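In the two complexes below, subunit A is the common chain; its partner is subunit B in one and subunit C in the other.
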Partner chain A sequence: MVKYILRRLLMIIPVLLGVTFIVFSLTYIAPGDPARMILPQDATEADIAQMRHFMGLDEPFIKQYFHFLFGFKSPSDDSSFSYKGLLALDLGRSYVSNRPVFRTILERFPNTALLSLFALLLSVLLSIPAGIISATHQYSVPDMIVSILSLLGLSMPAFWLGMILIWIFSVQLKIFPSLANPNNLKSLVLPVITLATMNTAVQARMTRSSMLEIIRQDYIRTARAKGLEEKKVIRRHALNNALIPVVTVIGLQVGQLLVGAVLTETVFSYPGIGTIMVDAIQRKDTPQILASVVFVAIVFALVNLVVDIVYAFIDPRIRAQYEGIAKIKINNSLGKSK
Partner chain B sequence: MFLKKWGAVVTLLMISVTALAAQNILVVGQATDPIILDPPMYSDTPTHNVNLLVYDRLYNLSSDGKVVPGLAVDLPKIEENGTKYTIKIKNGVRFHNGQALTIDDVIYSFQRGAFNDKSQMKSIFAMMYDVKKVDTVTIQFRTGFFDKSKAPADINDGSLKSFEDRAKYYKPAAFGSQLNQLTWLGASIVSKATLEKAQQDGSIKDYGVTWAIGSGPFKFDSWKQGDSITLVRNKDYHDSMIKTNVDKIVFKTIRDPSALKSAFLNKEVDLIMNVAPLDAREIESAGGKILLTNGYFGYHYLGFNMKSPRVGQTNADGSPDLDGEYDLNSPGARLRLAILYSINPADIVNSPDIMDRRGKVTLQYVESLPFGHIDDPKGTRIEEGNTKTGYYNTAKAREIFASLPDSLKKPGILKCTALSGSVYVKEALVVKDQVKRVLGVDLINIEQVALTELATRRSKTDPDVWDLIVNWTQTDDSYYIFVAFDGFNTSLLHDTKFYSKDAQTWIEKGNSLPNGPERNVAYQNAQKAILKALPRVPLVAIMGISASQQNISGVFLSPSGSFQLDDVVKK
Partner chain C sequence: MESLLLSINNLTTQYITDNNIIHAVNGISLELARGGSIGLVGESGAGKTTTAYSIMGLLPKLTGKIIKGSILFEGKDLTLLSEEEMRDIRGSKISMIFQDPMTSLNPIITVGDQIAEVLEIHGTSNKNEAQKKAGDMLEMVGIPRGRMNEYPHQFSGGMKQRVIIAIALACNPELLIADEPTTALDVTIQAQVLKMIKELKNELDTSLILISHNLGVVAQVCENVAIMYAGRIVEFGALRDVFSKPLHPYTEGLLNSIPRIEVEKERLIPIRGMMPDPSIVPSGCIFKPRCPYAKEECSVQAPIVSKISDRRVMCLMHEGVIPNTMGAANE
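So, the complex of A and B:
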C-alpha cells in the first residue's frame, strides 16, 4: 500500500510539470504586455523595453520557463522583480499589488476551501439519499422528481443560478444577503447552493445508476431470497458497492468545485481564489495567474491522490490487486535468488 | 461587592454595545480593490476613492470646480510671469500617527511624485524645479522646462532625478494649470519619516497596510485583500468645517456589475459607482438617487489608425506618412469622411441598451479634450453638423464613397477593435450596421479584445492589426481643469491622433501660457486646425453615473468620476 501511495505521489510530478508548462505557454502567448500595464500611459518605447528587460520578458520562451521554475534575478535595483521560482514556492510579486503572489493565495484559499467544503457536504447529503430513493423506486414519482431536478441542476450555469437566487432571495424577498462573506454563515447559503447544485445533480445520477446496476446483481438477489429485510439488503450489501464509483466522482468534483468557485465567488463578491484569478486575468498579472492556476492544479492533484488512496481502502479489489502484485514480485525475486 | 463589580461590568458592556450600534457606517461598493495606498503610485478610481480620504493635498477642488485651499493657508502667490509659486501651509496639522506635518513632508512628497520610478503622476511635477523650503511653513518652486542649450550632450530631461538638478538645466516657463494639478491625488502629502522608515525596513512593499498614514479626514484601519478596505474617522482632523457624520467607511469590492446593483437594491451598500445607464433607470424606480458628474465625463469615439494604408495617411511605398501635414484628398482621408457621414450617433445615445439617453451627441472630436470647446464653429467641420444627429449625411457619405478606388470598397477590409464584453462593442456594432446600410458594403469586422491587449494595440498602432477602434477618453465640460494636462502631455496623444504643424504651434503656445482667456484661444485655434481633418469621430459625450441611497447626502463626484466624501452625511 505504501508503494502504491509513493507511486501515486511520484506520478504527480510529471502531471504538475505538464500543467505548469501548458499554463506558462498560454500566458506567454496571450496578448497584452505586462510592462505596458505597469508603466504610466505616457511611457516611451525605451522605458517599456527597459521594464521588459528588468522583468525578464525579453528572454526567449524556454529561458523564461526555466526562470519560472528555478527563479529569476532581475538586473533592476528594485528587488520586487526577482523571485526564487516555483520549486521554492516563490513566483514573485503581483505586477499590480506588488504583494507576494503565493501569500495572497494562501490568505484567500481558506475562504474558497470553506465554500467548497460546504458545497461538497450539501451535495453529498442531498445527492446520495436522492440517488438511492430514485434507484430503489425506479419509474415512480420520486424517481421522476429526482431525474427532472438533476437534469435542471446539470443544465443551469452557476453564474445564472447565482443571479437568479440573488434576485429572488436577496432583492425580492430580502431573506439572504447578496454579498457573501466567510464570517457570516447566513451569507454563505446562496453561494453554497449555487456551487453545490451541479455536483448534486451529477452525484445523484451517478448514485442512481450505480445502485440500479448493483441491485440487479445475483448476490443481491441471493440476499433477498434468503429473506433479508429490504432495508438491510440496500444498506449492507448494495450501498457499499454502489458508492465506490460515486466516491471517484466526488473526488473529481472537488476540482470542479474549485473551478466553479471562480464564477460563484464573482457573482457573490466572495473573497476567495476565484476572484483573485479573475482579477489577475483581467489585468494580465502574469505571476498571479500562474501561481493561482498552479496552486489549483496542486490542490486538484492532491485531492485526487487522496481519492485514489481512499478508493484503494474501500474497494478490496484494488487493494488485493496491489497486494497480489507485491506477492508476485516477492515470489519472483525469491525464485531468482534460488 | 460582588453585585457591584458585575453591575459595573454589565454597564460597561452595555455602553460598548450601544456605542458600536450607534456607529454610523457608510458602505461604498466598487468594482476592484484599490491598488496601493500610496497616492502617486496608481491612479484608478477605486484607489482614488480611498486615498483622497486618507491623504490631504495643499489644494482641493470644490463641488463647483474651483480650487480652494486644503493644507495651504491661501491660494499661492504667483510671480515672475506665472513661473514662481510661493505657498504657506497651515500650522499645527498632524498626521494620523500624531507627527506634525511640515514643509519637509511637502517637499519629500513632491520629490517622490516627480522622480520615483513607479510614480504614475509625474506629469503633475513635470515642469516643477528649484523647490525650496523658505521657512518652516513656506515652500517655493518654479515652473519651466528643460533647456538643451544649457546641458551637456549626455544629459537629458529624463536623466535628472531631483528638483535641484533640474534647476541647473531648466528655463522658466508658465504652466497654467499647475495649481489645478496640485489638487490631484498624486500631489497628496505623505509623511517623510514614515515612508523613509518603511523604505529602510522593507515594509514599503506591503502596499500601504503598515504605513498608510496621511493627515486626511479618515484614517486607514484595515484591508481584507479582495474583499474590503475600512477607514475610520479622524477625530482630530484639522479642518473643523467638514460636515461628515460618518464614523467608518467600508469600501467593499464587488466585481460583478449585476452583483453590485443587487447589493445596492438590497441596501447592503450605500453608494455605488460606474452604473450602467440601463441600471440607472432600475435604481431610480427602486428609490435610489442617481449622481452624475458635473458636465460631460468623457467621450466615446471611433478612432482611425493613421498608420493604416486604408483609413490613415501613408506614403507611396505604404509606410506611414507622419509629417504632420494632412492630405485631405487622399483615398484614406475620403474613406474617413464617408464613414463620418454614415454614422448617426443619436442611435447610440438613445439606445436603451447603450446610453439610454444619459449622454449627448457631440460634434467636436475627442481632441477637444486638450483644447476646450469651440464656441465659434466658423471654418470648422462643426458648421456641418448638429447636436441631434451629429454629422450624419447619407447623400454626402455615398457620394464620397463612390469616388473611392474599388480596393477600399471590399467587404471586411476594416478591422475594428473594441474592449471585450463592453458597451463599446455595442457601439461598434451600431457603427458597423450604419456604415453597411449607408454605403451598401459591410466594410467593418469587429474584434473584441481584453483590456491589456487594447492598451497594447493603442500604443503600437500596428496597421496590420487594426484600422478602427471604439474607445473612451476622459474629459469634462469644465475643460480648463484638463486642458493643460493633456495639452502638456502631448505624448499621450500620439496613438491615433495626427496634428498639423499649424495645430502643434498653437498647442505649444497654449502650453506656455497661464490659465486664462489667451490660453483658451490658443487651444481653440489648435482644435480648429485639427478639425479640418478626421483623426477621430466623436460618438457620444457621456456622464459618469453613480448611485446613492436616499438617506445619503453631501456626496459629489469629481470631474474624474471619483467620490468626494469629506462632507458625506448618512441619516
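So, the complex of A and C:
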C-alpha cells in the first residue's frame, strides 16, 4: 500500500508537467504584453524592449518555459524579476502587487478550501441519503422529488444561482449578506449553497443509478436469502459497493468546486484563489496566473490520489490489483537477479 | 414413517407489470417429505425459479405476486406470513443456493464474514462463535479454514459455489432449494459440487428441491422428479419410474433429447417449437402445439391432473379423452 501511494505520487509529476506546459503555452500565446502593462503609458518602445529583456520575455518560447521550471536570473539590477522556478516553488513576484505569487496563493487558499469543504460536506450529506432513498424507493414520490430537484440543480449555472440567491436573500429578504468573507460564517451560507448545488445534483444522480444497479445484483439476493433485514441489506451489502463510483465522482467534483470557486468567489467578492485568478487574468499578471493554475492542478491531483486510496480501502479487488502489480514487479526483479 | 415437510397446493404466481401479466406459475401442487428430494426440471421460463422464489418469499416486490394457493411448510402457510416472520425462516429453516456463484457473493466482504453473517442473523449472538462456526462450515465444504479472511475474487467458481453452499447450510436448514447450482460450472466441478450437495444433504438430513434444466443432474441426486412446462407440473413421480416410462409427451421429448452412450443415434430428437408466451392464456392443453400425439380435443379441453398409482400426469391421453398412442409406441 505504501509503495502504491509512492508510485501514485510519482505519477503526479508528469501530469503536472503537462499541465504547466499547457498553461504556460496559453499565457505565452495570449495577447497583451506584461512589460507594456508594467511601464507607464508614456514609455518609449526602447524602454519596453529593455523591460522585456529584464523580464526574460525576449527569449524564445522553450527557453522561457525552462526559466519557468528551473528559475530565471534577471539581467537587471532589480532582483524582483528573478525567481528560482517552479521546482523551487518560486515563480517570482506579481507584476501588480510585487509580492511573491505563491505567498499570496498560500494566504488565500485556506479561504477557498474552507468554502469548498463546506460545499463538499453539504453536498455529500444531502446527495448520498437522497440517492439511496431514491433508488430503494424507485418510482415513488420521494424518488420523483429527488429526480426533479437534481435535474433543476444540474441546470442552474453557479454564477446565475449566486446572483439569484443574492437577489432573494440579500436584497429582498435581507437575511444573508451579499458579500462573503471567511471570518463571518453567516456570510458563507449563500456561496456554499451556490457551490454545493451542482455537486449535490450530480452526486445524488450518481448514487441513485449506482445503487439501482447494485440492488439488482445477485449478492443482494443472497443477502436477502439469508434472512437479513432490508435496511441491513442496503447498509451492509449495497452501500459500500454502490459508493465506489460515487467516490470517483466526488473526487472529480472537487475539481469542479475549485473551478466553481472562481465564479462563486467573484459573485460574492470572496477573497480566495478564484478571485486571485480572475484579477491576475484581467491584469495579465503572468506569474500569478501560472502559479494559481499550477497550484489548483496540484490540489486536484492530490485529491484524486486520496480518492484512489479510498477506493483501495473500500474494494479489496482494487487493493489486490495493486498488491498484484507489486508482486509481479518483485517477481520480475527476482527473475532478473538470478 | 415419512412426514410432510413442504406441501404446495395450487400455487399460482404472476408477474404483474403496467401492461402485461406474466403467468409464471399456474396452479402447481407438490409435496416434499422430510428428508426427501425433488428435482424440478424444465426449460428456461418454465417457472422453476419463480416457484423457488415463491417458497422463499423473494419474489420481486413490485411485480411478483402469489395470486392463489398455499405453501405449507411445517404446517405453516408461508404465503400468509409477514415479512418479519419470513425473515426468520429464510436462511435458517429454508435456504437457497443460486445459479451463478461468480456474482452471488458480495465482492467486498470476506467469505468468512459472509458465512458468519447468516449465523449472526439467526441466533448466534457471539461474534467469535459465529466466526468459529463459519470456519467449521468452510472446512465442511472442503475449503481450509485459513482462507476465511480472503475475498470472493480470490476463489475459483467451484470454490465460490462451495462457499455459497456453506452459507446455505450454516444454520442447518430443514429445506435446501438449489437453483441450477451447477449450471455455471464446468463439468468436472459440476460433478464435485453435486456429490457434495448429495453427501451434505444426507449428513445433515436436509430436504432438497433441486432445480435444473438438466435431467442428468437431477438423476444423480433426487428421489422424485417434477417436470415443469409453462408454469405447470406436467408430470410427477419417482425418478426411476419417470425415466424408464415417461407418461407425458413432454417428458418423453426431454428424455429423447439426452444423448445416450448405449444407443447409437445419428441425431438427437429435439422437441420442436418453443414454449408459449407466458402472458397469453391458451385454451386446451398448453403443450398441444408441440405435442406429436395431439388430437383435435387437445386444443379444446385442458387436461387435469391424473393420478396413476403414485404418479401424476397432466395429459388427456391419461384421462381417456383421446387414445393413448404414446404408450402403444413405447411398448
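Operating definition for what follows: the second predicted complex is superposed on the first by the 324 of 338 C-alpha atoms of A that agree within 3 Å, B and C clash if a C-alpha of one lies under 4 Å from a C-alpha of the other, contacts with A are read in each partner's own complex, and residues count from 1 in each chain.
In this section, a contact is a pair of C-beta atoms (placed from the backbone, for glycine too) under 8 Å apart; a residue touches a chain by one contact, two chains touch by 3 or more.
For clarity, every value in this text was computed on a predicted model and none was experimentally measured.
Colleague: Quick one: on subunit A, after the overlay, do subunit B and subunit C clash, or do they fit? Just give me the call.
Modeller: Once subunit A is superposed (C-alpha atoms), there is room for both subunit B and subunit C without a clash.
Colleague: Just subunit B (first), just subunit C (second), both, or neither: which does A:157 touch?
Modeller: Neither partner.
Colleague: For the superposed three-chain arrangement, provide the angle subunit B-subunit A-subunit C between C-alpha centres, rounded in steps of 10 degrees.
Modeller: Once the structures are overlaid on A, subunit A sees subunit B and subunit C at 150 degrees.
Colleague: Please name the chain, subunit B or subunit C, that touches the greater number of residues in subunit A.
Modeller: Counting residues of subunit A touched by each partner, the higher count goes to B.
Colleague: Just subunit B (first), just subunit C (second), both, or neither: which does A:282 touch?
Modeller: A:282 contacts subunit B only, not subunit C.
Colleague: Return first, second, both or neither, reflecting whether A:110 touches subunit B, subunit C, both chains, or no partner chain.
Modeller: A:110: touches no partner chain.
Colleague: Determine, under the contact definition given at the top, whether A:18 touches first (subunit B), second (subunit C), both, or neither.
Modeller: In the superposition, A:18 contacts neither subunit B nor subunit C.
Colleague: Quick one: is A:142 in contact with subunit B, with subunit C, with both, or with neither? Answer first, second, both or neither.
Modeller: A:142: touches no partner chain.
Colleague: Looking at the overlay, what does A:267 touch: subunit B (first), subunit C (second), both, or neither?
Modeller: So A:267 only meets subunit B here.
Colleague: Give, as a whole number of angstrom, the minimum Cα separation of subunit B and subunit C in the superposed three-chain arrangement.
Modeller: So the smallest C-alpha to C-alpha spacing between these two chains is 48 Å.
Colleague: Name the residues of subunit A shared by its contacts with subunit B and its contacts with subunit C.
Modeller: Correct list for subunit A: none, the interfaces share no residue.
Colleague: Which residues of subunit A touch subunit B in the complex?
Modeller: 31-34, 36-38, 40-42, 44, 78, 80, 93, 96-99, 104, 107-108, 163, 166-167, 170-171, 174, 177-179, 181, 266-269, 271, 275-276, 278-279, 281-284
Colleague: Residues of subunit B touching subunit A in their complex?
Modeller: 32-33, 35-36, 117-120, 122-123, 205-207, 224-227, 252-256, 258-259, 262-263, 265-266, 268-269, 449-453, 455-456, 459, 489, 491-492
Colleague: Please give the residue numbers of subunit C that touch subunit A in the complex, ascending.
Modeller: The contact residues of subunit C facing subunit A are 56, 58, 87-92, 95-96, 98, 100, 103-109, 117-118, 121-122, 151, 153-154, 164, 167-168.
Colleague: Within their complex, state which residues of subunit A touch subunit C.
Modeller: 217-219, 221-229, 236-237, 240-241, 314-317, 320
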